[in-house]
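Once you scroll down, you'll see the structures, which are given as structure tokens.
Here subunit A shows up in two complexes: once beside subunit B, once beside subunit C.
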Partner chain A sequence: MKILHITLKDLVRALRSPFVLAFMLVLPLLQAGLPYLAFGGFSQGLDVQVTRVVVTNLDQPSSEHEGFCAGTLLVDLLQSDDLADLLSAFEMDTAAQAQAAVDAREFDVAVIIPADFTTALFRDDETVSVMIYHDPALTIGPAIAREVVTNFMDGFAGSLMAADVAQAQLAAHGKTLDEAARVDVMRRYGTWIYSVGDSLERGVHPGINYQASPRAEESQSVMVALIGPIMLGMMVFFAFFVGAISAQSILREEEQGTLARLYKTPTSKAAILIGKFVAVAILLALQVTLLLSIGGLLFNIDWGDPLLLTISGLGLVLAAAGFGFMLISFMRSMRQAFIVMGGAVILTSMAGGTMTTSFTNLPYAFATINLFTPQGWVLRGFFATMHGGSLSEVALPTAVASMTGLVSLSVGLYNLNRRFS
Partner chain B sequence: MRIIYLATKDLKQILQQKKSALFLLIMPLLFTWLMGIIFNQNENHDPRLPVGLVVLDDGVLGPHLRTLLNDSDTIRPLTPDQTDTAFIEEQVHSRLLAAVVVVPNGFSAMALDGTMPQLEVIVDRNTPAGQAADRSIQLASTRLLGAVQVARLSAAAAGHSESDAAWQAFVLSALDEAIQAWLNPRAKVVVRPAGIAASAPKGGTQASSGMMVFFATVGMITPGYILLSERHSRTLARMMTTSMTRAEVIAGHVLAMFIVCLVQVVLLTIFGQFIIGVHYWHAPGLTLLMASALAFWSASFGLLISSLARDENQVVLLVLGSTLVFGLLGGTFFPLELTNQSFATIGHMMPSAWAVDGLQDIVLRGSGLISILPTVGILLFYSTAACGAAILLLRRSLKN
Partner chain C sequence: MTNEIAIHIKDLHKSYNGFTAVQSLNFTVRKGEIFSLLGPNGAGKSTTISMLSCLLAPTSGDALLLGHSISKTPRAVKEVIGVVPQEIAVYDDLSARQNLIFWGRMYGLKGKQLARRVDEVLDLVALTDRQHDRAGHYSGGMQRRLNIGIALLHEPQIVIMDEPTVGIDPQSRRKILDGVKELNARGVTVLYTTHYMEEAQELSHRIAIMDHGRIIGEGTHSELIRIVGGLIRISLTLRQSPGNLIEMWRALASVHSVSEENGAISLLVKDSTSILPVVFESTARAGISVTGMDVQEPDLEAVFLHLTGKALRD
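Our next item is the complex of A and B:
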């Protein structure tokens, strides 16, 4: 009963503190919510900004090829309505003007088509390059422009290559490829690549069969796939913060002298400390439940099987509460506590991967460092749950996380008992 | 002179608190290093997205596909430890692989016979990494199947029919040549970044400049404590009874915050220069100008926070809360170019966005003084506004 009273008193105090509430709910939601708005908000796909492209077409129509001008085709493609959501292309007369416009940040990308573009495409002894000049601070816009131009160039390059390879192979066998046969090879390759392009325009690559994985089908949108891991990382990060902040009640009571008075009552030290630990654990359980619910309702995040999610959540509560208790047991004052606690939580969270949950292709060392932090094990449990893992796949990391919590709690209780004895 | 005495006193107090090094130096350095790695600046680390390649076909096209995938700037092919479907699906779900490409049995034979075979691709196209990997896989597949077309057309041009004994040898030879040609096509795209970016690591620049701007304001926690404690202990009020003017008192505190932040930013630029390879010091005058503008903004922000907060917890909360908003909206964690148009517009209302832009103007775009001045002016505007608000709040607090 006394434990319950202590727990209730600490809980009420924590829930009245705007500081605790900010770390419990406001900051984690802010961290997940702002990227949610940044990358598309409530739309069902990734929104990207329209890239401002300036094109300089120096290419001249080729009299040898009935006035054909490949450069004009490329300009038309860049200005086509099909690409209007991605690129807004504007023509300029000279390469210098186009480059200056990019330098002045009036445009993001300049596409410069060389003067001999068409001629070089049809000569077997020449190479030709279209230059993409871009604002160096940008990556997405130039990549989109590069992809569009590369696909266009691949069509030509493929036709040329078909003719070149046929010619070289025939020459190796002592035969020659006359101009008519060369044009025929190019035409037939062009027909083939056109059919591929036609199929791609309908969203289907004829040479690829997508094996939709069950999980990919479940992902309702790009946003859900992106925000879920961010929200998870922030929840774990701030849970460890709240665990440490709320365990500060021990230091506060010590500084205010109420802890000494409490020890003079018949209530045992163990009951007092356990009461405080239970308050921290309940607060964390409340935080985790609210964040998971808000994440599900507001951002449509699918957290996985409810039972496994509960197990993972309990692992987080135990790990964060125990870690907070242990940290506080080493601190001498509230002022010292906040700075050291902030540093320790941030560093272990960083090493544990809470800030890098949305990244693919991290160096292998990160996965190893994760294993030395409670946050790393907690995240493993949650990810296994989100990815539809089995009970054993979720239970192992959660058990390790819980064990770290219990060991930390024991260290904390030992320190505090010694200190107040 | 009295301003300098006051600033020196504040600086001594800050330096005496050894823990302030945590927010001022240790955390910014660690975060910059971490973000640098995330943005793939570790030279020993292949930054391309890993894509599993499972070849169940014993024909010639599996190795050719590997060559073409490996030629991509975006993806790198790896052979998964196991080839069963459940395992490779799990690798994609767990984001250990951005995608998996399976070359099914009989793929080469079908392609060489003239039918369009299909690669099997497992990818979550709802993720940005999945989308990027998918585009590169499509390009490599088109080139592979295109090379087969080229080989078949060459054989036909040479007058071979598929029933000829020599046909297959001819096609395989032409196929090899076509694949080699794709690695160095005659018509290609050359990408050239403007400015001086060729010598600057782009990811490292974003990480370094972003973290510098972020921690410039986070570092105001300790200086904020000092002014707050002066308010609480009434030292500030007593100082007002001396011959020091109100402007001198405020200037003294702001100067201390400015010096702390300037030293922090300069140290971070040195770290960025020598550890991450971002060339801040190719234009020392411009870098110092931007560092000063950023330091002035941070000092004004610190003054505003310490005049708003009622206790130490509030200092921490206000600094962290507003810095997170500035940071997330202003592109210190991720470039604003990755966001949608509305977010980018709102983001550019934050001083942090201008500070990051200014630093990137120097290290990526190689901009000169004229290009930097508007950014500096905007930061000064924000600083003046924050200082003005802080002075009004302090005046009210001193009256009480």
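Our next item is the complex of A and C:
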């Protein structure tokens, strides 16, 4: 029971220390999160702003071309559901109204379709111009609108050309393509471009650039594949740091006289030291649980099988807590601990490979060095878990890591017990 | 007070790598007594208390507290004593209440009894109003009081206090001294250490004077005064160096001893009326002016001077 109260007291004190909290959560998250943010890992979560388009269609159905109206087709395209993620289009009657709405920042872009749009398109008239009027502060929105309009007009010109070529061929065989047939080609084009709006949305033409799409997804998963090991390395590194920092409460209590006072109460030395060790272990368990959860939820890291992950996590907690305890038991004062502790944790962590978790092809010698550090074994357990290893593949390195924890805990307890006599 | 023995110290020794901090310590404290260890810094008071509270193992010897041996049954000793350490030892990031609850649990208190004792002690050390503030935000006096309160939680029959009034304001000091007497009035045996002779004199039934790890005199206040045999102490402050005056005074028949420390001269004399004119005459002849003079009835300071040849105060 006394052990429990000593543990609780230590936990309350540790959680009141901004220093401990910084090393527990803030620093590891920053270390792992910064590269993620830098690579834009959040883009799937943060939507691209929908461009607000106002469109004025001055085009009229052309009697010359059997009542066909290209302007209406363009408006339909702009308003199609497939483009809804990129832009929303609202119709206004006059160009002045539309421009005023952009000036008033109610819309980002105005698309004004001129009166003789259909006629001009059929005549392949270079002078026809759809006006795109936009807020000068914006770049992406107007570019998207321009892209959609350009695609539409290029496609229109293309199909018209195809129709003309077909007509010329037919004429050579003494046949003619009547106006109704030409308009039909245009109508079909309209239906087609409408139906491929979905791929226009991605800014790629179906069939040609489709490769780009899976590659983008692939780079996304490369990010996730990279962030996992980085976050793992940081978690292990900072867990060992927190182990040492929180075990330092022994030195702090020694310097503040409360440790001597505890020894004067009818409480065994073992209970006092074990109570403090348990506090360190619980703090680490809290840290590891939170970091694993945040990594999974925020960075979409797949840590692997939950049971194996729990085993690896316990190994880390035991190894880091024991390491901290042993380290502190050799220190004479807080001052000394501050200097030595940082160095010892950084050195063993580097040798253990916590800084290089995302490098896949390190020299073999390095892989051997990390076998001499608890961090190296802890990492092996986690890697096996993340790569879908079997229970024994995870349990073996974790058992070694746990053993280092128990051995260093024993050394620590031995030193600390001898220290007061 | 009874004749039953609360603390029995038997030839206690402690040395640190060859340096002897406490040697051949023997004394007994009776139940219900306030017993003071009076001595200058470095005398070995804290070392003695560390051994009695089973923190330090003696190099040799033993002590019995209510019959429990510090070397054989330390746990039983710890249960019957409450120790107030010289340095404030409380958790400064916890409140007074949290501190008391925690320390109470370390003494095995729980539940209603713990809550009751925490309230009583808060009241006793006048911290009820500030019980929820962090101890680190308290004044020195309040921290001292909390430091004492912790030792009283489990209602120990023996309370050991190591210089509990060092470095605090006179008001807090008064409160603490009154608290010690009150505690004693309830039957608690108190072992008190101090380097202030006034405290020892005011509080104690018996006093042991300690220097260089040994007890050099022991008894009630009046018994100790009797050592100096009615000698009167004359303290002098001179503007110039006394030169050979000290030797001259020492040679006088009615002068028992003369000491000089940092320009302050103390003479222990049998009869001040005959000596004072001689002192003034000799200083005047030597062209030395007297800037301060004080004649005191025998006190513990005089006893210490008599026994060690030096002043108790640093």
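Just so it is clear, the second predicted complex is superposed on the first by the 243 of 421 C-alpha atoms of A that agree within 3 Å, B and C clash if a C-alpha of one lies under 4 Å from a C-alpha of the other, contacts with A are read in each partner's own complex, and residues count from 1 in each chain.
As a convention for this text, contacts are C-beta pairs under 8 Å (C-beta built on N, C-alpha and C of every residue); 3 or more make two chains touch, one makes a residue touch a chain.
Values in this document were obtained by computation on a predicted structure and should not be read as measured data.
**Student:** Who does A:Lys9 touch here: subunit B (first), subunit C (second), both, or neither?
**Tutor:** After superposition on chain A, A:Lys9 lies in contact with subunit C alone.
**Student:** Output check: A:Leu347 vs subunit B and subunit C. Expected answer is one of first, second, both, neither. What do you get?
**Tutor:** first
**Student:** Does the superposition put A:Tyr414 against subunit B (first), subunit C (second), both, or neither?
**Tutor:** So A:Tyr414 meets neither subunit B nor subunit C here.
**Student:** Determine, under the contact definition given at the top, whether A:Ala260 touches first (subunit B), second (subunit C), both, or neither.
**Tutor:** second
**Student:** Residues of subunit A touched: more by subunit B or subunit C?
**Tutor:** B
**Student:** Check the residue A:Phe372 against both partner chains and state whether it touches subunit B (first), subunit C (second), both, or neither.
**Tutor:** neither
**Student:** Taking the two structures together, which residues of subunit A meet both subunit B and subunit C?
**Tutor:** none
**Student:** Any idea which subunit A residues touch subunit C in the complex?
**Tutor:** Touch list, subunit A to subunit C: 1-2, 5, 9, 12-13, 16-17, 256-258, 260-267, 420-421.
**Student:** Within the complex, which stretch of subunit B touches subunit A?
**Tutor:** Where subunit B meets subunit A, its residues are 19-20, 22-23, 26-27, 30-31, 34, 37-38, 40, 42, 45, 47-50, 85, 89-90, 92-95, 98, 102, 116-131, 135, 137-139, 141-146, 149-151, 153-155, 157-159, 170, 173-174, 177-178, 181-182, 185-197, 200, 202, 205, 312-314, 316-317, 320-321, 324-325, 328-329, 334-335, 337-341, 343-344, 347, 357, 360, 364-365.
**Student:** Can you tell me which positions in subunit C touch subunit A when the two form their complex?
**Tutor:** 50, 53-57, 75, 78-79, 83, 85, 87-94, 98, 102-103, 105-108, 110, 150
**Student:** Residue numbers of subunit A touching subunit B in their complex, please.
**Tutor:** 18-19, 22, 26-27, 30-31, 34-35, 37-41, 46-50, 99, 102-103, 120-121, 126-142, 146-147, 149-151, 153-154, 156-158, 160-162, 164-166, 168-170, 172-173, 175, 177, 181, 184-185, 188-189, 192-193, 196, 200, 205-211, 213-216, 219, 221-222, 224-226, 335-336, 338-340, 342-343, 346-347, 350, 355-356, 359-363, 366, 383, 387-388
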